[in-house]
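Okay, got some structures for you below.
Here chain A shows up in two complexes: once beside chain B, once beside chain C.
For the complex of A and B:
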């Protein structure tokens, strides 16, 4: 067979392109844990992102894997009642009473201690720091150890916090706790160490049903924006003016 | 688990641990005593109420003794006490707490200066009339300036008055501001009320005057000297007036909360009827306000019977001091016993031996009395109390006070 040099180059190009496309597909399958375009550590620019978080309460099955993954990922003590994220269970009984619980923050799942026929409805609500746009925890910190980053994440400077716990009092959502080892306040960081590397927060990655969605609100095509553009959403305690950035789909009025 | 018995309904998982313990109850209690004692002394220094003169300087020393320990409960409570000073270097001004360092220091300076001015004459005289170490100490205290001429003393007095005028708003600020630390927390329905600074201030004045009365009676008894009933009754009179203001505000807050009946009213009602019913209705209102109010009213009406009146005033003052402590407790601990989920309550169980326990709290409460003993050794305020009229004369003058 007589293949001209030109044709050979053409085929070669196709093979290479095909292979490249193949890897791209494989990569996208492997890495559904990627929040934004993958970027190496050095070139993260916090002005290019503004993170947001969506929780679809209709999807949550209360397995508690998120809460477990969080403690593992962030070295949150398992033997203390402190949580960066947890799942609440709401059960409305036929007689009207509402029972709320979150045993061990849901890490071990839930047990059915009320027979199904007594229940009118039941649902789970995952909770996490709302990384409020107008965060009262930042407002009240007397030394500025709690601060909001340009990409919309509220963090604690552990080397600066004096451990007065005013912020714990100031957070209306119970999202903060006292880290007895560090002697400082502590809370969810949306896995800042991961998201700045293009990874998803551990809780989002651990959720088997996609009830937790994380993404860049500056990117019009991000998963978060896709939901925000389409669904009817709500936030927790909107009347307090904290402007949470955790948006809920299917939030019941009982949830506070 | 034991923890579970202490919880009713649903509390956020992170709320199971109460963050602000009995030490944080002490903090507003102590600053309140300071503000109250200072304001009592300025009744003489600023408003020229001569009846108060016997205790005016003593009140300043009391204020100082308590002021010196006011930071202790806070520092003991911090997760990183060694970083506490950052509040002075890098205050984050949106925080109600960030002003503490400055307001406190400013106030400390005012109180120390005020004391120095009002004791300067004594200091100089002691310095001139003594030898050796003592001379050195008092000369140092006098800042080596020995001018006690009529004119100089007059200048001192004028300056002291000006200072006290600054001192009143700063005392009011110091304590009103402590109220704002709580009142500004919108997350907590039991704290978040604009009345909080005023309520704190009124109860501060009440507790400070009551403490002063008790210390005055106790020191006169210890020194075996007759009590100046005119002064005592005048203090009791002011105590009575401030009690009225105090109770008005406290009731106003509860009534408006109940009347407005917002979303959080159910949990507030539960707090009041189950968690702090005894300390609120029993100790804070009945023991701490109503009983003293009636006793002091009787003192005002009754004729003669000085000893009985003195006992009634003492009992009232003891009740007031306890009642105000209960008030601080009900605010600080009560506020943390309701969940911010508004769906549950929890119970604070004080521990005795721990960094945040009852023992350090007791120690911190005892220290100011030790300091007071020491400062009254160095700067004795007794002659104001003791050179006054003997008992027989006082009886006729007390009638018109109420």
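For the complex of A and C:
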């Protein structure tokens, strides 16, 4: 091949300019302009909020009204064993064995099938998506159908999800499930349609004893910050580095 | 320029333009606006229907004002209306749509108040076997203003 440096540069420039012009022309024909300004920045500015959730396990009475309200609010298949939030019962037997159960996610309540004399201690632990600051479920999604919003909520794009269930496997807290109605992965949204309108998540509103508290961590006077500033708190599986935003008060060492 | 070089450059151009064309067809318009996801899905999730309207909407001036004020002064004031009565969003939007009546069975009250080992001991609990002779709780206790003996 015989080509001078000048020639090569000329051809190279032409190719680049041609490709750029072609791109511009095609883009102007095909794309329907820049996406419309989303209404989420209208009355609600997600940069002004950063949501957090506190669960006081010492208050929970295991009535399951939270799990019930969640299913009704969010159209979760009611008769299937899938839950966005649920309550677990931990029972430490006198010989040291730990029994953990959550019949129907606590919606039907609990019955004492082990007599109190055999138990060292027993307590309830409500569980929910931790909306991790560093979410493993978002990392593993192959199509970008799950993401963390600027206000700290991990959501699923139901139109874009292909239902491969990697995220369900990836969540170390078991907080995701497969929605058979939608054919996609599904999870707690902290009731995003409610919190962006100034309402509380359905589970928090349904709790009769105030064991669940929700609020804005950017607001120093919010209910969540009042507890975070005063109580001794912990998160689930802190060693994983997921940085959960669901904080627990009175968490036992047996709780995983 | 030699003809075979021209052909290669032409083919490369076709591939680039084809890639851009297909990409612009496949990738949703709002993708990448905030990050590696479809920005419109945030709005779709925001527009989901609210089912639980909240206790304040029950206590409106023209609605259940009296019952609301009784409840708001009672030991059950931490229990929102819809925790027992169920979601009322449809009823609040259109009062002709009646919500299903509240569950007044012993088992329903028992979800909170039957004796259970795992409950905090300070929480009021009864032994369903020995208490109340299997009568409905509301026979003695007003659920909107419960009293204690």
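Structure notes:
We take it that the second predicted complex is superposed on the first by the 214 of 256 C-alpha atoms of A that agree within 3 Å, B and C clash if a C-alpha of one lies under 4 Å from a C-alpha of the other, contacts with A are read in each partner's own complex, and residues count from 1 in each chain.
Note that contacts are C-beta pairs under 8 Å (C-beta built on N, C-alpha and C of every residue); 3 or more make two chains touch, one makes a residue touch a chain.
All of these numbers come straight from a predicted model, not from anything done at the bench.
In the superposition on chain A, A:183 makes contact with chain B only, not with chain C. In the superposed model, A:63 makes contact with chain C only, not with chain B. In the superposition on chain A, A:144 makes contact with both chain B and chain C.
In the superposed model, A:50 lies in contact with neither chain B nor chain C.
For chain A, the partner with contacts to more residues, out of chain B and chain C, is C.
Contacts of A:160 after superposition: both chain B and chain C are touched. Once both structures are placed on chain A, chain A residues 144, 160 are touched by chain B and, in the other complex, by chain C.
Chain A meets chain C in the complex at residues 1, 3, 7, 11, 15, 18-19, 22-23, 26-27, 30-35, 38-40, 44, 58-59, 61-65, 69, 72-74, 89-91, 109-110, 112, 114, 116, 119, 122-124, 144-147, 149-150, 155, 157-160, 189, 192-194, 196-197, 199-200, 202, 205-210. Those residues of chain B whose C-beta lies close enough to touch chain A in the complex are 3, 9-17, 19-20, 74, 77-81, 83-84, 86-87, 90-92, 94-98, 100, 181, 184-188, 336, 339-344. Residues 1-2, 5, 9, 12-13, 16-17, 20-21, 24-25, 28-31, 33-52, 54, 78-80, 82-83, 86-87, 107, 110-112, 114-120, 123 of chain C are the ones that touch chain A when the two sit in their complex. Against chain B, the residues of chain A that register as touching in their complex are 81-83, 86, 88, 98, 100-102, 104-105, 127, 136, 138-144, 160-166, 168-178, 182-185, 240, 256.
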